[in-house]
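Two complexes come next, and they have one chain in common, chain A, joined by chain B in the first and chain C in the second.
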Partner chain A sequence: MKLTTTLMASTALVVAAGSAFADGHAKMADSMTVVSWGGAYQKSQQNAYTIPYKEMHDGLEVVWDESSAEAVAKLRAMDEAGSVTWDVVDVVAADALRLCDEGLAIEIDPEKDLAAAPDGTSAEEDFGELLVGDCFIPQIVYSTTFGYRTDMVAEGVDPPSQICDVFDLEKYPGKRSLEKRPINNVEWALLCDGVAKEDVYDVLATEEGQQQALDKLATIKDDVIWWSAGADTPQLLADGEVFMGSTYNGRLFAAIEEQKQPIGMMWDAQVFDLDGWIIPANLPEDRLHRAMDFVKFATDTQRLADQAKYISYGPARASSAPLVGQHAELGIDMAPHMPTDPNNAANTFLYNYEFWADYRDDIDAKFQAWLAQ
Partner chain B sequence: MSDATQTGPVLAADGSPLKRSLARTLRRQKLRALLLISPLLVFVLVTFIVPIVSMLFRSVENQIVAHTLPQTVEALQDWNPDAGEPPSEAVFEALYFDMFKAAEAKRHTQVGNRLNYEQPGLSSMFRGTGRDLDDIGEEFEDVFVGIDPAFKTSEFWFELLSGEGGESFLDDRRALYAAMLGESMRGDVGFLPSAEMVSLLPATSAAYTDFAIWTAIEKEDVVAEERPWEAVYAGLGVDLRSPEVVAEIGSYSGPGADILKAAVASRDQLPQASFQEMFAESDEDWLDVEGWRTMSLYSPDYTTGYFLNSVDLQKTIDGVEARPETQQIYIKLFIRTLYMSLIITGACILLGYPVAWILANLPLRTANVLMILVLLPFWTSLLVRTSAWKVLLQQQGVINEILVWLGFVADDGRLVLMNNATGTIIAMTHILLPFMILPLYSVMKTIPPSYLRAAKSLGATNWTAFWRVYFPQSVPGIGAGSILVFILAIGYYITPEIVGGTDGVFISNRIAYHISSSLNWGLAAALGTILLLVVLALYWLYDQIVGIDNVKLGG
Partner chain C sequence: MSDLTITVPRPPLPGFTLPLTAVLGAIFGFVAGNVYGQPWIGALGGAAVGVVIAYLAHAMSHKRTATRWGIIAVLALAGLLAGGLGAALSGVIIGAVMSWFAYWLDSGDYRKNVPIYYSAGQTLWYNSFLFICGLVFFFLIAPLLPVMWLSFNAEDFFTFTPEMLNFQAEGYSLKHYRNFLGTEEWMTPLKNSLIIAPFATFISVSLGTLAAIGLSQSHVPGRQAIMAVLISPMIVPLIISATGMFFFYAPLGNWLEANLGLSQNFVGYVKVILAHAALGVPFVIITVTATLVGFDRSLTRAAANMGADPITTFFRVQMPLILPGVISGGLFAFITSFDEVVVVLFVGSAQQQTLPWQMFTGLREQISPTILAAATILVTVSILLLATVELLRRRSERLRGLSPG
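== the complex of A and B ==
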């Protein structure tokens, strides 16, 4: 008991001393824990966001945590334990929506909390419809799409260019890798089973529609390797284990342009999804100020455009798009590699957040039961 | 010497009875021993037992519905789910005020998510309607403010509704809040409801008191200075729909009486739509009976629903029934987990026994070198070992390449060694092998080699000597190794996830999914509890058949 009191008292002293030093920074914490996905993506964030931010704020310590994949579960556990150790968390939009639903993320007012574009366009307009939910601060647009081995296409056959080529085992024999979850796969299956694009979610909301999608997937089930980590498909492609597979476009870009693998992109029916920041609820005041300040900086027009120098994900602001330049190391133009480039975006889907928030558990249960059959 | 013949109790040196004195010393010793282990005991209790028990408790806990929507759940008691009609206006009215309060605290979406596990669609229904609740209240607010601008001011409401005698009412509302938020909500509200108003305008008083508690305790603002929630206007609208209230207001003469009477006079301007209609306008699924059946099924504080789900059953209003075949998965996974763990344990015995025998019978120096080889993979990260198996097992991998090179398999007929049950069994057998070898080795080490020699000199063949003399003595090692390997295997998760594909995954993979992806912790807890019980049952069975005393981890 006595030890705890002493410990607490000395901690309080240290904190008090720390905050005395930080007076110039308007009560902002000196250390910040940023949660992201690791790998090339986190590196692009460090280059574009935290390195310049640290130059502006002397003595700031940034700690990285690579837990974004389990962010929702971990934040919930932290909240229940009453001590949230994260300050800024990078999550996909669907997770941001759930964190917001659970009251684990704070609500954001784009007008007040986010920077306006250089030409004065308000943040709300600049991000437009990408502001999903009340807590989500969009950062990039990425897409889930297909890559294929260019050297495994049979002679005299055109390389695959349509989403339905995935289901065409005669023309394109070989294994495919698909994500081990229903999202995206069932949409593609329905599209290739004659359902019109605008009807896909209406059909999926019915039992028959879900069965229809699974039946279509069943036609290639024996030739599918199911992946659960984004790095799986590029690896499977590089090893020649699969002929084609779905994954995030940035991963394919890295395999094609950085590792020079014989892989081609197939952009048809790519599914757009968003990734961005949330700030956990119930942060102490100084950490909250720091997090808000950082997020405002990291999502301004220039910073989002800067990130595209390091990875082929599209900046979430309309005003950032014209500023996208060349890859920082390879020196190639990044624009044609962006999922949002008009040449790539002829036929796209946007992840349907509302639908999947409702049906995710139900369809997943059926999907998993179907997989186990 | 006469002492020896005395008939009373034997006395200790200090004169107290020896028996008591002995007992006291023993007790003191026990206490001291307990004190010595108490840091560990407390540590295990706090960091291990308590979290596990509280996690397992979630498998039956379901208080979120009744705690977030208390008045709705109560009003729903009178509803007949079999009648095929959506509930009465009273339920929707209660739902409006419950949900408004929950939406302010951002709790309504949690209930939506909870119920969505049972019926898809409820999540967006709660989220969407949560956004419309303000609009419903504003329709009332606009009319009241049009009748008298005083309705816009914070002072009017505060004066109208505060007074004396409302302590118990305040405490009741506070208790509801405390249950919803799991916090005490104690503290000075700075507002005391007037008992007269509570009986005159019950809905208004309830909504305003909730607003006051939230404002004072959670937002730490001054109640008298804040404009009330839209729900308070809706509350007054609801109260004015009752003819008795209208009649009683006629004889009311307290603060704000004139304004109240003016509102009564113009009450036909107020929105006339029922709450049922307003909810239906927000989302027509509120009229869907299935959704209400789910809500009423999952309104009690404790539920068997999670356990039923984990054995492929489901709760319906007609009782328990099997899930549709397209959704049955858990029983299959449980059986697969047990069956594959048994195969892995068997494979470990077959591979581990000879290795342990060699280790036990080699000179110490050589045995130690070999022992390091056994332990080396043990010191490598699990993830690295599993990924290494990926490189070996895949179709373009090392094993297949060698087989093709040697001509054993054709190039287009490469073996499928991973992303299926085979992959899981191979990789897990390798990973768990040290857990079999070590107990076997330590038991075999204690078997004197002279027994074998004695058997042989008495005329036994090699086989008889082994089977009748050596093997029975090594059984305790097999038992210990099997228990270790089997129990570890049954809870394995990373290896099946990486090399298991679809038919090589275990129940733990589903538990992990529900913990980290679907956030259905109740179902995860139920699955975990069942897994724990299965292991305990098998342990008991093992004890009955082999006897746990026959298990030796060493010497």
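== the complex of A and C ==
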């Protein structure tokens, strides 16, 4: 009896509250689920985006879901089941393109939906060529690059500084950790097998080129530990289990500057990639308005520059770069740790989205078969 | 009687004690040498130490305690000189084990617990059997120990730092415990787990017990088929159940939200609790069915004969007798819900994030020892809970006079 009364009372309350809101000012939902990657990256987003945003909007509840790694699969399932519980989703550019093609993310008009730079430059111009696809709102530029144990370099040998040092087992003996997928690895292999940078993707498009890359990787296969999560390489480096390994530059920054591990950065041939927001399709009106409002705020010039106080990923707007300051806790200048800093970006590689969209399944299958040999 | 004490002949030193102790020493030496990248030299050195200890044990057989302390002290000192405090501790352990082993062999104690007529082979098997049993326990428990140790790491990696191995204070910290107990990131999932698991347990225990009692009646048609269906969540791969549940509960949740005006958050909890209850039911059915086998049906007839209605009979007669089965089924159901990560990943949304879910994402995205701190706390709590339940059970058995202890 008591339970029924309570249930009925609370139901009545909820209904009353719902209708009161519908009449009132707010077309925006007062709760928002943001999907991200967890860890230091998510913390930087909380500090730079949601904490100030919540201060501006009283009573807003922000729920974080650390599911970006499964974003594509989960959004598909949610869409089929007709209950999309996410409002704003942080994904890498490649996933954003897939979601956009499948109609699971809404299209964005940069002029209308995103804030202009403080000096009046339009958002479209400010983001420039980083606006890949119609649904993707770029947030950061990150890179996949190498770290090495400074205390494991042999006496009288220069620390590794070229990408091809990864393949030089004589000069730099020891295990390497590489990501357990072909992307980036095959490009690096070809670069170190005498292929010119501008020809890499042309060569990779051919059967022989793919075999050539795998053959080059085979020369170090016995010394490779394959990783699948971004946290693996920092852990392996901290353990001294590998001499050098690839991972995201922000992870290496955290291991070097925050954890004080004896690790050095090797920026040569770092591969740039983008990460940013998408908004799922078919959201109810009030949640859609909330999501659009939040994304417009979170990708303005100041907010993107603020994020760089907490993590060493480069802001996606050109106008944010001069505003990048010092690390919020360590007080060191962040600009030299950005992958986009001129000193670090002397030799870079931009992930070719179109190529990998076309060839990913094919090369993936070959790579996995090669791994199993 | 006293003149009947059996004296075991002392085994020969060169043919028995010496080689066996040397082999044990070589094993320890191999492990220790591995730390310095020289396992075979270590094994050789270990064997030499083994020979010395065996000889000492043989020569000083009457001063057992003093000699053992001496051996321990020497090895601890050697460890201290070679690698600091951590190595000294290893020295103490190795010294204790090896000196015990040498005396155990040399004094003939290894034959103490076997009948005098046992052949050498039978004695060997008896002792190997004990040794294998010990190994089984070791392999079950040992993986937990580094987890607990590492949870006090001062660094953010799963790595034993030199400071940790040498027991220096700066290598240790409670920061991962502070991070676990002091942040929303971990406390919200803990709270969610503590909301979901008891409700799910309550539902599965009630439904599972009723189902087991019904299915134990001989007149129910199609008992085997019903049983098979009810047990199926335990047999079907979890990922399949999870996918099915996702598509089953999503429209149900939408309907509840749209027609009853319930909040999305509340509906989320309902969905996860129902899903976990379905997973827990088979455990309750199986344990309760097993206890019902030993239940005497004439008791319910006797109760009916004396005028009790079926409900009174159930609560006053049947329930107390099958309670152990109900409780252990409930424990299984609770653990199933508390440990479950696959179904909640599918059915729940971020507001219902449970502890295993947080551990899972935490482990994939950032290998942080906070997970180890969480694991240590959970293991400690589980041990305390199980110990309490066991103590209570023994106490009630004693009170009812069922056990002699």
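Operating definition for what follows: the second predicted complex is superposed on the first by the 350 of 373 C-alpha atoms of A that agree within 3 Å, B and C clash if a C-alpha of one lies under 4 Å from a C-alpha of the other, contacts with A are read in each partner's own complex, and residues count from 1 in each chain.
In this text, contacts are C-beta pairs under 8 Å (C-beta built on N, C-alpha and C of every residue); 3 or more make two chains touch, one makes a residue touch a chain.
Here the structure is a predicted model, which is why all the values come from computation and not from measurement.
Taken together in the superposed arrangement on chain A, chain B and chain C clash. By the touch criterion defined above, A:211 reaches chain B but does not reach chain C. Of the two partner chains placed by the overlay, only chain B lies in contact with A:102; chain C stays clear of it.
By the document's definition of touching, both partners, chain B and chain C, reach A:239. Applying the stated contact rule after C-alpha superposition, one finds that A:346 touches neither chain B nor chain C. With both structures placed on the common chain, the touch criterion links A:51 to neither chain B nor chain C. After overlaying the two complexes on the shared chain, residue contacts for A:372 are found with chain B alone; chain C is out of touch. When the two structures are aligned on the shared chain, A:361 is found in touch with chain B, with no touch to chain C. Of the two partner chains placed around the shared chain by superposition, chain C is the only one that A:230 touches, whereas chain B remains out of contact. Note on the superposed arrangement: chain B collides with the chain C stretch 38-46, while the other options among 38-46, 110-118, 182-190 or 200-208 stay free of clashes. Shared contact residues of chain A with chain B and chain C: 69, 239.
Every residue of chain A that touches chain B in the complex is listed here, in rising order: 69-70, 72-73, 76, 98, 100-103, 180, 211, 225-226, 228, 239-241, 354, 357-366, 368-372.
Within the complex formed with chain A, the chain C residues making contact are 155-159, 246-247, 250-251, 253-254, 260-264, 346, 349-351, 353, 361-362, 364-367. Listed in rising order, the residues of chain B touching chain A in the complex are 105-107, 109-110, 112-113, 116-117, 120-124, 127, 326-329, 332-333, 394-397, 419, 497, 501-503, 510, 515-520. Chain A meets chain C in the complex at residues 11, 14-15, 18, 31, 33, 35, 37-40, 63-67, 69, 77-78, 80-83, 85, 229-232, 234-235, 238-239, 258-259, 261.
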